[in-house]
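In the two complexes below, subunit A is the common chain; its partner is subunit B in one and subunit C in the other.
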Partner chain A sequence: MSGSASGRADDTRLFKYGLIAPATFVMVLVAVFPLIYLIVVSFQRISLSDDITSFSGLVNYARIFSDARLWDAVLHTLLITVIALPIELVLGMLLGYHFLPDRPFKRLLVALLIIPSVISPMVAGSMWRLMFDDRYGPINQIISWFAGERISILWTINIAWAYPAIIITDVWQWTPFMFIILMAALANVDQELLDAAAIDGASGWRTFLEVTLPAIRPVMMIALLIRGLDLIRLFDSVWQLTRGGPGSATETISIYAYIRGFQEFDTSYIAAVVVVLAILFSVGLVVVLKRMAIAR
Partner chain B sequence: MRAMTLMSAVGGALLLAAQPALSEENAAEKAVDAAKQYSGITLNSAEEAGLMAMLGINITGPEWKELTGIGLNVTEIPFEELFPKQMLEHKAGSGAYDIMTIGPSWVADMVRNGALEPLDPFIEKYGVASEFDDIAPAFKDWMTYDGKTYALVVDGDVHLLYYRKDIFEDPENMEAFKAEYGYDLAPPQTWEQFGQICKFITDKYAPELYGAGLINTGYMHFFFSERLRTYGGKFFDPETMKATVNSQEAIDALTDMVDQLDCQPPGVQTWGFGESLSALSAGEIAMTISWPPIARWAQGINADEQALSWVPESTVVDKIGYALPPGGHPELASGIMLAVSPDSKNKDAAYLYIQWLHSKQESLKNVMRPLGLRDAFRISHYEAPEYQALWPTAPDYLATLRQAGEQGYSDLAILETYKYWDSMGRAVVAAIGGKDPKEALDDLAAEWDGLTEQIGVDRQKEAYLEWAQKPSAYRE
Partner chain C sequence: MSAVAPHRRLRKTGWYIASAAIVVAFLFPVYWIFAVSLKTPREIFKFPPAWYPATPQFNNFLVLFRDGDVWSIWNSFVLASTSTVVAMILGIMCAYSIVRFKTGGENLAIWIISQRLLPPIAIVFPIFLIYSKLGLTDTYQGLILLYTAFALPYVIWLMRGYIQEVPMALEESALVDGASRWQILWFVVIPVTRNGIFATAVFAFIFSWNEFLFALVLTRTEVITFPVQVSQYFGAQSTFWAKISAMSVLGTLPIFFAVAAFQRYLVRGITLGAVKG
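Take a look at the complex of A and B:
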């Protein structure tokens, strides 16, 4: 009797495993195998301009620590992230508040506002490069009109202006993403809580801090997480604006990896870089998720 | 009207160029005759995106198809991606391209990786020896590596100085300049003179006209390596292979390059090839240094080419003079060669198309066209009566071009040159963008030393010494 029950349990378990086996196989194939292959490559000496592909031990990993250009690229990426992300959050929140009540042409204006987010970042980068162009672009012309004299700001070539150019482009393109998500979150805040706060005489700022913010916090954190990860991978718009220049002053991690991996064929080294950065960012992500308390 | 006259002249000249000398063997005809047996196939060609590729798409491809029945499918690839893309396709063994576009400094790397098919057996089978003797030595040198031929040149690039003759020959300017600087106003022989002439013209004419407008973004390794050598600098210490791109000569060269931005139009730091051409054609600058097609475009012979409609209408027709850049040794900046992919299934047909383009008869037509960015590389190009008659000062242009080819610096060609070029380009642009030139060059030297270490000092030394022994390396 018990033997038969145990046999049925085994059959059921096998059946369950059988059901998830194809999905597991596909996951292993598309996610785990490339990761393992990446790790293997990082211990080799593969460079597409050289036929020697022997095992090289930890040579590639050792290079990482003395590669100042790589760590500069990490710093550039973090710099852009810590400046652009809060600006996008605040502007997105303000826009969300602005468009929360019914307004004339609300739907049309919201539709127009989200257009930048559906444009390819490559196209956005090219467009802003033209906007910032000293000879043909409108930005310097507008500034010159206000200044009353010819102002020549070299947005994409001067180290002092290249970052503002990148951040302006990113904020222009991705604030609408924050706006649309936050507007949806704001629309779902319990009206009864807001009314209660108003009856209790809470100021608008206090109501925002004590009622609205806690209510929209999970959604806001997800939005920040998505944009934060996007910014860590930032490539397209910066590539079109500055190509990582002047020099390598605006190289992001992705631009650095592209140049080293696909223009210089340093395949094994860049694999090691990706492994190290993936570990670092994964640890960072876990810490952030815990602090944000949104894992649950 | 002028455009019509010029177009008629171009048309007549092309017709003349199409007539082969009866008594001589003709490489173009040999290629066409041999290629007919492959009629019906289609060749895949990787070409530089833009005007370079337009030539194949709009003109030579259809002509080749009509002559031989062989189609041409052109894949356009941006210049900076040509080398990696073609190497990747070779490594993958895809056979995506039958014909490859290559620059002289890539040959060593591509040969070492087996990415180029040796052409000597094809040349023996189909070639015409007398046509090889006609190639200018500087460009002929590009085609071979370790005694074997791997590519055929179709575009002989070299930098020239373009200047406004009307400004330079104005008696009032000549007198005032001599009084101020003590020598005649003429195309600058040195970079110091360049700076003085640039300042003199800017002081007098700005903001309508500036003394110069140089290219400052894109291909900056070409412009700086020309300056570096003109100032007496070298790339490496041949004994130790330590980079010497931060020597005092290099620092002086880069410092002057940055300082001389002051006499150029505001925002010149962002100028590339297009902006410089635009400003010259619009009469906004008195000097620039650029590639040879500028002469044809500034002369307005592109007027009826739809593909060149972006080139501004020239206001300086007949006003442009040609000279060697300061120092007298212009950079033979890249140039274009065509090669056969070892992964091609149609190697003979691919070679024959390349031979047809490279031939005396067809190449003359192409280097005279405004479209295609192809420039003279044969002795017969410089001497061709039809080219000399293309516009009034074409003989001066061709003579200067010939001299530039004879006296020019060849591009550095060592192992993995592209990495060194990328590094140099970034350092120069950083200095133009405000970084201290010495600091930029110290960083550059450190990067170069790191690259040499990675590649192997002895291997790189061997490659460098082979390149450095060429007369065109340092012109000493």
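Take a look at the complex of A and C:
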């Protein structure tokens, strides 16, 4: 009797661990194992000219601090993030409010509006590269109409315009993402609280700050977190728009690492760079997550 | 009363006009790439640009077939669908174990979601070196393994939400009827969460379909995917507008159909289940 009961418990244990084993194995194989190997490589000296796999100390790490191009890439990435993220949040919020009321055809309009966020960032980059073309693209043409004279902006070539181009592309692609999350959050705000605020004579702005914002904060934070993480790793659309150029003026962290690692083959050095950035990234992430937990 | 009605109608009309303007503004770039793909080469390089193709023609697409560029769509399809199927099978099993038996507790769940926070650039170098040594670059197997691993945290996280919604009573009554654990998973849980499974699979497919960095690094000729193919049309000397536009359209159409079919699950899908929508 007791034998069969413990047999059943063993079966359950086998079953529950058997179910998670394959998925966990695949994830460890692709994420954990390479990270360990990355650290190993960062202490070697593998490059286009050398393939020295013996331990070479902190040579690679010492170079990081004097690498101006790397820290420029970090600055570029942060610059794009701190400009694009608030714009996407505000536009997403405005659109969320606009599409909040239930009206006929609302679902169709919302479904059409979400399209930019589901297409490939590579295609988004291509679209805007064609849009921004100084001669055959429609953007300069439209600007010329308003200006009343021929305007020819070299969007993806001129440094001053490359950043606006990158940010416009990102805002275009991801504002709908923000919008759809915020609209869902706004729809879930307790209507009775909003009514009570209206009866108390609170202004629309005060109601937003004191009733709506606290209610949607958790969801808003998740949306900002997802978008923030995406912007930190920004690669595809910028690659398609500028390839990091002119020179290295629009290199993001990912583009810098790709070019240095795969086109210039400074492999071990870039491994060290990635290790350092991954540590900085993890620390930053933990701080943000802790803050989010407190804010909640 | 009668004074209010016209006012309300006016407001409503205003709302539709504003909505239409917003949608048109956001979809214009999509329209533009479709329009370019249907133009003749001469029309593409007309100045000032033509706002619509005067005589729409499909030659730009035929060229993709003639030159064999469409193989990249096929490659993307094989990679995305295979990795999605594998990730769904492994992911549903894992999610079920996490929900029903609390396997691994909070820690396992957090570890799994943290896999998605990891920037891909962090592992692309070691993966490339390992794959080069094992001869896995430019192979289907190599990319399928990666895309499966990338999709898994997403699948597990979303399926966890869907499985949590399955009533316990349903499983208990099956257990009383003498069903085995596997039978419960197969005949009770999976049929009940069917819609969630389809929606999750569609998103996993889209993510693999759109992936660029790893495909760029790990493919050369054999299994080049469609985003890599598009990226190669921007050359140092010339830009192949006709091919860029036609290829982008071919690579985007499947996504349009997927979104149209799974509109209802969109919000939940893109927010990792954070918003139930």
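Everything below uses one rule, namely that the second predicted complex is superposed on the first by the 258 of 296 C-alpha atoms of A that agree within 3 Å, B and C clash if a C-alpha of one lies under 4 Å from a C-alpha of the other, contacts with A are read in each partner's own complex, and residues count from 1 in each chain.
Everything below uses one rule, namely that a contact is a pair of C-beta atoms (placed from the backbone, for glycine too) under 8 Å apart; a residue touches a chain by one contact, two chains touch by 3 or more.
Treat the numbers as computed from the prediction; the structure is a model and nothing was measured.
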{"item": "Partner, of subunit C and subunit B, that touches more residues belonging to subunit A", "value": "C"}
{"item": "Partner chain in contact with A:Leu224 - subunit B first, subunit C second, else both or neither", "value": "neither"}
{"item": "Touching partner for A:Ala272 - first (subunit B), second (subunit C), both, neither", "value": "neither"}
{"item": "Touched partner set for A:Arg135, first subunit B, second subunit C, both or neither", "value": "both"}
{"item": "Contacts of A:Gly247 with subunit B and subunit C, given as first, second, both or neither", "value": "first"}
{"item": "Partner chain in contact with A:Tyr17 - subunit B first, subunit C second, else both or neither", "value": "second"}
{"item": "Partner chain(s) touched by A:Ile259 [first = subunit B, second = subunit C, both, neither]", "value": "first"}
{"item": "Which superposed partner A:Leu154 touches (first subunit B, second subunit C, both, neither)", "value": "first"}
{"item": "Footprint overlap on subunit A, comparing subunit B with subunit C", "value": "135, 262"}
{"item": "Subunit A to subunit B touching residues, read off their complex", "value": "48-51, 69, 133-135, 140, 150, 152, 154, 156-160, 162, 244-249, 259, 262-265"}
{"item": "Interfacial residue positions of subunit C with respect to subunit A in the complex", "value": "12, 15-16, 18-20, 22-23, 26-30, 32-33, 36, 44-49, 51, 90-91, 93-94, 96-98, 100-101, 103-104, 108, 112, 115, 117-130, 145-146, 148-150, 152-153, 156, 181-182, 206, 209-210, 212-213, 216-217, 226-227, 230-231, 234, 241, 244-245, 248, 251-252, 255-256, 258-260, 263, 266-267, 270-272, 274-277"}
{"item": "Subunit A-facing residues of subunit B, complex", "value": "80-81, 84, 87-88, 91, 109, 112-113, 216-217, 266-267, 269-271, 275, 416, 418-419, 422, 426-427, 429-435, 440, 443, 447"}
{"item": "Touching residues (chain side subunit A, partner subunit C) in the complex", "value": "11-12, 15-17, 19-20, 22-24, 26-27, 29-31, 34-35, 37-38, 41, 46, 95, 98-99, 101, 103, 105, 107, 109, 111-124, 126-131, 135-138, 141, 172, 175-177, 180-181, 184-185, 219, 222-223, 226, 229, 232-233, 235-236, 239-240, 243, 253-254, 257-258, 261-262, 267, 270-271, 274, 277-278, 281, 285"}
